[in-house]
Amino acid sequence: MKKYVIIGNGTAAAGCIEGIRSTDAEGSITVISAEKYPVYCRPLISYYLEKKTDLKRMNYRADSFYTDNHADVRYGVSALAINTDEKEISLDNGETVPYDALCVCTGSAPFIPPMQGLDTVQNKFPFMTIDDTLALEKAVTPESRVLIIGAGLIGLKCAEGLHGRAQQITVCDLAPRVLSSILDDKCAAMMQKHLEANGIRFLLGTSAKEFIGNSAVMQSGETVEFDVLVLAVGVRANTAIVRNAGGNVSRGILVDDVCRTSLPDVYAAGDCTEYHDISSNSVKVMALMPNAYMQGRTAGINMAGGAVLFDNAIPMNSIGFFGLHCHTAGSQPEGCEMYEESDDSHIKRLFVKDDRLTGFMLLGHMHRTGIYTALIRNRTPLSEVDFARLKIEPQLAAMGEAYRNKVLKGVV
Amino acid sequence: MKRIYVKEQWCLGCRLCEYNCAFANSGMTDMAKALRGKQIYPRIQVETEANGVTFAVSCRHCNDPICVKSCIAGALSKKDGVIEIDHEKCVGCLTCVLVCPYGAVIEDGSGVAQKCELCMKNSCGAPACVKGCPNNAIVYEER
Amino acid sequence: MIPLEGQVRIPSGCAVSAMISRDGRRMNGESVIQSMVPMHDRSNGLGGGFAAYGIYPEYKDFYALHIFFNDRQCRSECMTLLREYFEIVQDEHIKVRKIPQITDEPIIRRVFVSPMQSVLRHLQIDEKELVVRVVNRINAELDGSYVFSCGKNMGAFKAVGFPEDVGRYYRLEEYEAYCWTAHGRYPTNTPGWWGGAHPFCMLDYSIVHNGEISSYDANRRFIEMYGYKCTLQTDTEVIAYIADYLLRRQGLTLEETAAVIAAPFWSTIDKMPEAEKQIYTYLRNAFPSMLVTGPFSIILGFEGGLMALNDRLKLRSMVVGEQGDMVYIASEEAAIRVMAPDIQNIWSPAGGEPVIVRVKEGAF
Amino acid sequence: MNFYPEFEVVRNDSRCIRCQVCERQCANEVHWYDEDGKFMLADESKCVNCQRCVTLCPTRALKIVKSDCRLRENANYSDQTIKEVYRQAETGGVLLSSMGNPNPLPVYWDKILINASQVTNPPIDPLREPMETRVFLGKKPERITRNPDGILDTKLAPQLTLSMPVMFSAMSYGSISYNAHASLARAAEALGIYYNTGEGGLHEDFYQYGKNTIVQVASGRFGVHKDYLEAGAAIEIKMGQGAKPGIGGHLPGTKAVGDVSKTRMIPEGSDAISPAPHHDIYSIEDLRQLVFSLKEATEYRLPVIVKVAAVHNIAAIASGIARSGADIIAIDGFRGGTGAAPTRIRDNVGIPIELALAAVDKRLRDEGIRNNVSIVCGGSVRSAADVVKAIALGADACYIATAACLAMGCHLCRSCHTGKCNWGIATQRPDLVKRLNPDIGSQRLINLMDAWRHEIKELMGGMGINSIEALRGNRLMLRGVGLTEKELEILGISHAGE
């Protein structure tokens, strides 16, 4: 009987459990969960603040998930080290856990750049976990003025979540636009305008230079008074445990297309990894929930002796604020062409290079965008489809009869 | 398992399937009451090829469903071959819309995702689009 | 006014009975008359009759015409016609016994005739065909004359009345036949007419029949194409013509004829071995209009034998008994038990399954 | 001259959900959606009352009603008559119409009643007893023959074997669509009956249904070649058609497109005009020659049908045909349908099939030649009861076409000649043709025939008849009601009560 150990208890871990069990019903599975909660998906925390979900519904899987899958979860303990020679890991409670196959699903942690006077701030919170969220929820009152450092996905979702709970929400970011990692100027401007129309205040191209108690002095010289500070500058992959064991690590743990690390019988999946993006043909950290699950599942199946690949990863994001949705996927490589259409309420930007759709940014109108995503993921030659029609609207009708017959007439 | 398949050779592009779908999932007993004066968000959609060929697209209930894998809320799941959506859990992030290669998961007009669940959850009993197709262009069968 | 026979179609229910000696032993009519007694209620007094085979051995080469005449005038007309085609060998009264149950009798004559060879040559037909044509003509055209029997060495005896009375009336105990058939009639559409009683005869074929066939007009309209005139509009008549057409004119065997009249169902035919299937399919295909449907049990008498046949669904009762060289057939077992009280072997033939009894070759 | 439209589109706005199905489905472009007002509009002058929109409207928001806007009443000059005069005054043209004669002329089927058994013989329950409907069509032997061993020689003139006495009569590929033909062919095969190519040739896709196909040879000889003749189970020489006796056919060039022109062997887009007579048949002896040349061409393997319209001296014509070597006579009554016919001819020429059939059956029997041929009658056989009555009058089988079209969806709007059949039957427009899915079309035809077969069996069972041949010509099973002595005499039946 094989011994499987998973470090971490996020969606990659859940994928790993399901992957193992799809292949091996017998082996033991041990999950090392630093958090005290059964698997949930971290992006849900903003929806929790918005009251679109609650702690119960946030559970990623049914209550019986671990028992159904015969997985032993050790809540509240962290793995400290991997001993590849002995094939065991050591825990912060002094235990060691032997493994035959190990999957590292350690995720990421907030990255907080050194800021002067940060220690003088009383109410400061990262926004990553349920515990962060519960603490933040407790601290925020209808009179609160909230300053959020970071206008990325986390910061803005936090802003949306707190909307209506606080008196004033200000978001600042060193970048000159919101969602700088996924949106270009034009799209970001539309999104920013929409957020501003919903009462979020922005200070962009600037960040806090110094904190003095409840006031932040911005690089621009402005001072922002606040009651609650949210630190959402960014995240870093949790790679230490692999790096310390001698595994190859760059910005994330390097994995191949079966999610193997450079260490024997050690796999990794999720936000802690760095892997190949086919849209840009580069290796990068793509801390995305769908990819995390798919990596976890891939790792699990391969750990249990199966053979599947996860070799078509692309970055993609579905995010929305106050009813304005935004879908992005892929990349905009050097020298790509852009097809654009836009009006007051929506923007569509498609990026094409070498007869391939490499990426897109869509704001406002989110209808059947997965058809575009599939074009990127499948690296479909655009000369084989009716791209002139596809540009206007994603549709299978423009994908050619052969494709249509394949996907609509048979089992897919 | 039985799935919905389209026979485009017989599709007339009348779009009755879309309206039958919208009605079946409206929870109402009168179609006029359910749909009159309303924008519909059917879970099956008729497409038209440049040469005039029409066909309806709805969830393929894939063997390896990327929407289920991608759902951040664990709201999508596959049970007995049917990909279902738990509207209690769905937070409306629309990741499923972003990943479905067939464009079969769609937003319901209120920010929540919806998709064909083979009319298993409504009072129709069998897929309304299939029942209502006047030319057997949509069939529900084993393949 | 109640229409006369021949003006309307006459359905009827009935009783039939028959006995035959395979050895060709000749028996008087007492037994077969008695057999009709227990089936009294199957008749209503509007007709009874018998056919007897082998009764005129001394005249066996001549056609025995049994004729009803309404009056002397009719008789003389008829005899004039007969003389055009036949030598009259003998012309006599049929002896009867006056009994109160039988009244209103016509003139009843027996005429033995022999076809004139010159006529046959002239018309280029055989003698049987000549007899058929002349008899048909008399029956259709000569009002008041009716030939009710025209075979060789056989004869029919019939009247309005209950069959046991008719048998007595005709003194059948004085005739000796190797084969007897009997009939009691229960017509529902006629005041009763002597000519309409059964058996119905054509040449040596005699038919007694119990039933009401539903195919009547299909059969009639078809058979009339071949020169037959269904003047009586009875089932018996049309079945007799069909039998004559198939047996004599087409030369089908009795079995083949049965397969036309009471054809096996397609479901049965389709399961037959190929050779057999081809024949049965052919017969149904070639003679579709001679399929008889609706309830019937018939006994077809002919020179040297008889055939009993039920409709394909066996909608009428008919039982057969066998003892020694004797075969008995009747609507009811009770009738057989009168003829042969100790009989052991009694069965009920299936619908459409012909029972064919032949007298030993040379014994008649 | 403008008339108020014949039909009005009545839309119940409280039920209309603006789904626009009516708009998408109307080939006559009656309906459209007004973006500004967000409602549906209709141009009723284009409506032919085919009921496509009514049928497909999911909320029953639509009905088509006959307009009550009428010219001043005149029992002599009806509204229709006056408008026809106007139309001809305007165009100078022959009026065209389609399908069968719609005028209120006598329907004898409806004045004939069927018998049932009571007491003296038993009705037969078709659910419990075998009830046979198999029919053979073809010449019957005059004499049996025997092989030297005494076994019956079972060789017969070529026959058609039908599981029930109904066939689909001639409708050409061209006048009706590929899918309509596919439906008919598939249904005929499944049912064990026959369909008829009409004068349009046989599409290569349908050669596979050859054993259930009757191939027609008509005066234009369109689509006729050796393979075609050999492909079918029987050959029908079409001398005339009940809907338009005495004239030929006309397939407009607009319908002679693609496979239609190929199958007919005529240039694409050219009018296919069948002459009124066969130009090699000016007399009965010429017909005999064609019958035998077709038999020669097919090595006497196939029965030959001669189809004629029911006209005044039909009995004599049939007698001639019965002696021409033909195996089967098909008689087509004046209410039979057509894809296009001059209105005056459709409505005024020919005689009712019931009388024609009765006269022909009687004549052939009188002449003793009824066995030479089988008789198939068509020209408005609308139900199982009509079939039973036809068989009892003397037919061997019936041809149906209008009823078959109805089964496939036809709503008898009588606009076939426009080529815009909204039901995908009488059209060659691909978008309309596809509206008839042969899966559905054939199944509906099968259903219809199954239903009729059940009904025929019920009616037969009631009469105490358990095989169809015992019904054929069994006129005693029929009685007339409200018919004159003469009509009864011709039909050869008694009046009810007699």
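Chains: A, B, C and D, in written order; residue numbering restarts at 1 for each.
Everything that follows uses one rule, which is that a residue touches a chain if its C-beta (ideal position, glycine included) is under 8 Å from a C-beta of that chain, and two chains touch if they have at least 3 such contacts.
Just so we're clear, the structure is a prediction, and the values are computed from it rather than from any experiment.
Undergrad: Mean of the CA atoms for each chain, then the mean for all of them together: which chain is nearest?
TA: The most central chain, going by mean C-alpha position, is D.
Undergrad: Return the distance between the CA-based centres of chain B and chain C, expressed in whole Å.
TA: 78
Undergrad: Can you give the whole-Å distance between the Cα centres of chain A and chain C?
TA: Computed value for the inter-centroid distance: 103 Å.
Undergrad: So the centre of each chain is just the mean of its C-alpha atoms; given that, what is the distance between chain A and chain B in Å?
TA: Using C-alpha averages as centres, the distance is 28 Å.
Undergrad: What is the distance, in whole Å, between the centres of chain A and chain D, each centre taken as the mean of its C-alpha atoms?
TA: 70
Undergrad: Each pair of chains that touch: what are they?
TA: By the stated definition, chains touch in these pairs: A-B, B-D, C-D.
Undergrad: So in the complex, which bits of chain C are touching chain D?
TA: Residue positions touching the partner: 9, 11-13, 188, 211-219, 221-222, 224-226, 250-252, 256, 263, 265-267, 278-279, 281-289, 291-295, 312-313, 315.
Undergrad: Can you check the complex and tell me which residues of chain D touch chain B?
TA: 14-21, 24-25, 55-56, 58-59, 61, 431, 434-437, 439-440
Undergrad: Could you list, by residue number, the parts of chain D that touch chain C in their complex?
TA: Answer in residue numbers: 117, 120-122, 124, 129-130, 132, 134, 136, 140-141, 143-144, 146, 151-152, 154, 156, 159, 365, 368, 370-371, 394, 463-467, 469-477.
Undergrad: Which residues of chain A touch chain B once you look at their complex with the stated criterion?
TA: These residues of chain A touch chain B: 11, 15, 41, 43-44, 47, 52-53, 57-61, 289-290, 293-294, 297, 316-320, 323, 325, 327, 329, 366-371, 373-374, 377-378, 386, 389, 394-398, 401, 404, 407-412.
Undergrad: Within the complex, which stretch of chain B touches chain A?
TA: 3, 5-6, 8, 45, 47-50, 53, 55, 57, 60, 62-63, 66, 69-70, 72-74, 88-89, 91-107, 111, 143
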